[in-house]
Amino acid sequence: MVPRVSTSIPHPDFAAERFTRCPDARFQPAPADGVLPDGFFTTTNLPTYVRIGGQWRMPREPRMDGALVLDAQGELWIREGRRVRAGERVVVGLAEDGTEGVYVNTAYLGGGGEGEFKFMTSEVSREKPIDYAQMARVLVDERERGGYPIWVTGPALVHSRARADMTWFIANGFVGALLAGNAVAVHDIEASIFGTTLGMSGTGEATSGGHGLHMRAINKVRAAGSIAKAVEAGVITNGIMHACVVHKVPFVLTGSIRDDGPLPDVVTDNVGGQDAMRRHAVKATMAVLVATALHAIATGNMLPAFVTEKDGSLRELPTICVDSSEFVVSKLKDRGTHQAFGVVTNAQDFMHVLRLYVERELSARVSAAKPA
Amino acid sequence: MVPRVSTSIPHPDFAAERFTRCPDARFQPAPADGVLPDGFFTTTNLPTYVRIGGQWRMPREPRMDGALVLDAQGELWIREGRRVRAGERVVVGLAEDGTEGVYVNTAYLGGGGEGEFKFMTSEVSREKPIDYAQMARVLVDERERGGYPIWVTGPALVHSRARADMTWFIANGFVGALLAGNAVAVHDIEASIFGTTLGMSGTGEATSGGHGLHMRAINKVRAAGSIAKAVEAGVITNGIMHACVVHKVPFVLTGSIRDDGPLPDVVTDNVGGQDAMRRHAVKATMAVLVATALHAIATGNMLPAFVTEKDGSLRELPTICVDSSEFVVSKLKDRGTHQAFGVVTNAQDFMHVLRLYVERELSARVSAAKPA
Amino acid sequence: MVPRVSTSIPHPDFAAERFTRCPDARFQPAPADGVLPDGFFTTTNLPTYVRIGGQWRMPREPRMDGALVLDAQGELWIREGRRVRAGERVVVGLAEDGTEGVYVNTAYLGGGGEGEFKFMTSEVSREKPIDYAQMARVLVDERERGGYPIWVTGPALVHSRARADMTWFIANGFVGALLAGNAVAVHDIEASIFGTTLGMSGTGEATSGGHGLHMRAINKVRAAGSIAKAVEAGVITNGIMHACVVHKVPFVLTGSIRDDGPLPDVVTDNVGGQDAMRRHAVKATMAVLVATALHAIATGNMLPAFVTEKDGSLRELPTICVDSSEFVVSKLKDRGTHQAFGVVTNAQDFMHVLRLYVERELSARVSAAKPA
Amino acid sequence: MVPRVSTSIPHPDFAAERFTRCPDARFQPAPADGVLPDGFFTTTNLPTYVRIGGQWRMPREPRMDGALVLDAQGELWIREGRRVRAGERVVVGLAEDGTEGVYVNTAYLGGGGEGEFKFMTSEVSREKPIDYAQMARVLVDERERGGYPIWVTGPALVHSRARADMTWFIANGFVGALLAGNAVAVHDIEASIFGTTLGMSGTGEATSGGHGLHMRAINKVRAAGSIAKAVEAGVITNGIMHACVVHKVPFVLTGSIRDDGPLPDVVTDNVGGQDAMRRHAVKATMAVLVATALHAIATGNMLPAFVTEKDGSLRELPTICVDSSEFVVSKLKDRGTHQAFGVVTNAQDFMHVLRLYVERELSARVSAAKPA
């Protein structure tokens, strides 16, 4: 990984046939100062060779995003477009493999066969567009085929008020099982009973006396005996856990060393907790991991990268991983869950936009299904 | 900032009148194993004193999120709720100022007067809810009152396809002026001409030959002479810059040392660029800073923290700063723009959800304005 | 938190005595174009009033980092230094409270009494210097006084080869107890047995067949029965866990839902694990939390913010929290551990530089103790 | 990039010769409950086939980090080691290509030829070790061969007191040219004149009146006429810019839209600034980019990925990019600077540890050069 002084880059063997049959590069004059001819060749930062009079020559002052310019003295330069003067001869052509007289050496980069200079090749980046429409189609497809999508979520989902949207997904059949930790349920239930999460109001203000509200919520559920009993008793009247109970969506709450309480439903033993999660993981046909490093990696560890269909055929297991930075997704991939598709955004916004697109997809399918 | 061994915390002077008139703490028995009585006192991690028999005593084994328990031997403990046994005596009460027999010492924390132990007090955090409804109201109010909201954006806005939403805000009168760098316009124009940004397709794939497309886009505008002329000539047919030209929303494109091209409209001199930005900043009645550290801080530097109304009265200048991490907002505040309200999310999602809420706010106002 | 349009800022009551006794502002001519007189007043972005001829006036075009300039027409401006011309009259003075004729209104910002415009006020930032010398003094002081510093670490500590430094701190008496998860011990033991961590070599390369090495390391310890027995049997010959066993430093390994194995020493039940951690937390006189969100917050939850000395006096419990982003420290503070001192850096570099400074501090104390 | 439901994974053609000549898998009994036999096969999450009795079978309940277990009924499972009971038959072998009776299908993952399941394959990660010794060797080699290493730095370098270390590198011949922005010089000069950076003291405290100190520093240099003249006049007495002037190391200060002042040496025009930077970039034999997104990418844009030696041979241009998150390095790579080697750490710590290793390397070379 570390740069080594000794990494030499061999010149290509221009006596090879693939090079001897290449033509000379074509030149066209710049139409105005600082304006290049249409179809100008755009340089990269890699070793570049231009065929002129049958000879392969390297331009001076190499850089990316420049043009190849032959000056009056016959010297070949890479020059920024703004510095090119009207009438100067500029190489035109798009091919980088020599077939138009310009060869860019990517072979030494490895990666097999024909490397290519490209931008935006990293797998996970906040700079990439998020294709919600495609994710919505996958979710609706899973529901239609009777799949078993597992949702694995962290407390940010509740903390930041994506709670209503998560509840909607549960109530509408998009969740096969919910796997989470104690905190998700604690915050959700605090929100149901007191209208706060960790004592923070719905507009994000720390409230006076608020620091104890999650403990009071836990105490009420402990007094009731379980989350389901607290729902029956009318202690919990809305939200994620309420929806799971009411809609009979199974959930697993596993414990962690930082848990308050915990709630009576929590599997406090980690080995038992893994076994409980695994009973759902082996059935999963899709996974949505939102705002949780711990549970995302736990799930990745126990999830196959593929789904076995009833006919024995295999397909990739769609795995969406949402986090506010690239780190969690990269970490998940670094621990073997290569199939994870990363979405770098805020959990609250993700849930809201995803729901919007799922609603649109549902409407579109209804319309398409209608007779004319 | 660094922890010092010598920071001693004085005990309160319990001979003072405010303490001598306090009552003893009240105790109630725990109703079941691991269940606390209603109204139990929730501990903090700060020095805590409990009045028992007229004496102020400190409990043993202090921690937050515990209960105050008096054992059979008369020893006072802080204990996790789950470890409390049925019948044990537990302090009840909410007040932390001694008036119910429990005093939590926050005075030594400084911050003046009565400190209070609270969760979620940091100003900028991805864990806080985002109040889009309120931001939408502010934006619509500004439009109604004829304000001058300046939008300052980074290239991620275009790169990640929030382009359609930004175009909508411009076309619908929510943008007084757009302040950005060369890259925003380059990516936007590449998208209009080639359908890519930095050679990346709309679904996030690096395209073959794509690395040169932004240079070709720049070259076409340089050939046309300016962005406005390229719009007139039909070279640029949609997007952010197109909307600015068509809707006569002024824009300033300032240069930076990493610019490709640049486009002919860019003010390449930074002093001239600051002067050009400042002409809009002095008129600003609101600022929306999206996905740009450089331009956000540049704007913060030249923006007053307040608006002077025509009648001479002052109000805070609403300043929204959106970035994918807490860092940019904290940095902006650390450089004096204390009024910045931070939103930690992905620019693409922010724009989409904000637009949705603005559309809802507009509909609600239309409905409200209708006669019954 | 959200900006509100309606936040009006009242003008001060300049009839109050504190203002009526203020002098007029003093002016001095700029010595050259773009150069300000010594002692020039530097503006903020807050409402600013300048006393001229007994009247308090607000300058036009407010911004921070500017100068107050009176033009030939008697108009008062805030202007960038570079735009001031030789001879123009510029306000001099440093006071912002009116006593030199300039008043900056910070009262409306709250925060009690006299606010002040300052840069770099955020509590946790990668832009702040790290005072290793002070941390080293605290650590050496703790060792000298027989304190009980608890170290709470995440796997990055081992993964990134800070292992040798952590081992040194254990071997040299700076660690009262080590609290960590299964992964720390697994990676450390993999490094001892196979020379890799998660199959990655010491120079950061993924090795062929390496993905199974952590499982083989776990299996060997399971076969031995415990970490201590594996040390005795010569299976584990160096590293962090080896040092704990050899130097009789107690450790607690708690489980998590993502654990591989786990190792036989791990407390797999979270309630039991919290109790085990708590037995050390109640004795702690200092806490060092490195590269772990989960365990840092778990420890913060159970740690008092203060130490009770044998004589009953109190002092703050020094708490150092190291992470690669501001987020973990802010989160820890948001959950009540206000005393945490944040260090934003890479765990590997932190350990190396801290050890270097501790070694220097030890040398300095030895030298100081020598008779002349 | 988005997961697609339709991605089917074909089964291998087990009639092919490479499979027909494979042996059956070997089994050994587990020596104890929860302990696997030495040399056990560790599973991945990919489609896996085990040859038993000449048939290739897929195990049930696939996951990574498990063992292959044949139960009494002849059913084949993937099972966690802790769940395996003494005497159960477990597959042994390391090969994943079928040659020991187990085949893991990586072919469908693409990436050419034989894919392999590995951990820690991402290119840039804070979890990777940092090989300072190797970087030190490269730097010392460059000095010995008379190379031209360009250093490109952001203000964090000065802000967080890596100033002394940077000064040392300049004074000791490791810097061919320094490329930076106005802010680096402003903070450095503020530190020389006032002992603060942005008004923050050396221990990280915001000082009273400190917000104006950088403006006073700028004003003093403007009055002197240039940085060099301010050094001559004794206004600037130490630090980075002082070292450049005294040791005649060329520097380029380019402007940005957020600059205060600027200092008189700053090239305020961005096109001119790029040309000034480029004059050094074309000579560069190494690049060190520290704590600057803007200048790192600007430099990456204009830097070839290779060095042309005097004899016409080529070698990779060593490019080290240091930032506190993975993002800047990934962004740099996404914009074509593929050769960048990323170091994810705090700039202050990086500089301190790098200097330490360079000093060690120098000592080692001196020792090696001595006659016996």
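The letters A, B, C and D name the chains in turn, as written, and every chain counts its residues from 1.
Note that in this section contacts are C-beta pairs under 8 Å (C-beta built on N, C-alpha and C of every residue); 3 or more make two chains touch, one makes a residue touch a chain.
Source: prediction; values computed, not measured.
A centroid comparison over C-alpha atoms places C as the chain most distant from subunit A.
Remark: subunit A and subunit C have CA centroids separated by 30 Å (rounded to whole angstrom). The geometric centre of subunit A is 21 Å away from that of subunit D, both derived from CA atoms.
Averaged C-alpha coordinates give centres for subunit A and subunit B that are 23 Å from one another. For subunit A, residues touching at least two other chains, in rising order: 1-2, 44, 64-65, 82, 117, 119-121, 126-128, 131, 134, 198, 203-204, 211, 260, 262, 271, 274, 301, 325, 334-336. Taken together, the touching pairs cover every possible pairing of the chains. Only residues 1-2, 181, 198, 203-205, 211, 254-260, 262, 268-271, 273-274, 277, 293-295, 297-298, 301, 325, 334-336 of subunit A touch subunit C when the two sit together in their complex.
Across the interface of their complex, subunit A is touched by residues 1-11, 44-47, 58, 61-65, 80, 82, 109, 111-113, 117, 119-123, 125-128, 131, 134-135, 137-138, 141-142, 271, 274, 278, 281-282, 300-306, 308, 313-316, 318-320, 325-327, 330-331, 333-339, 341 of subunit D.
Within the complex formed with subunit B, the residues of subunit A that make contact are 31-32, 34-36, 40, 42, 44, 64-65, 81-82, 94, 116-121, 126-131, 134, 156, 159-161, 198-200, 202-204, 206-212, 215-216, 218-219, 222-223, 260-262, 324-325, 344-346, 348-350, 352-353, 356.
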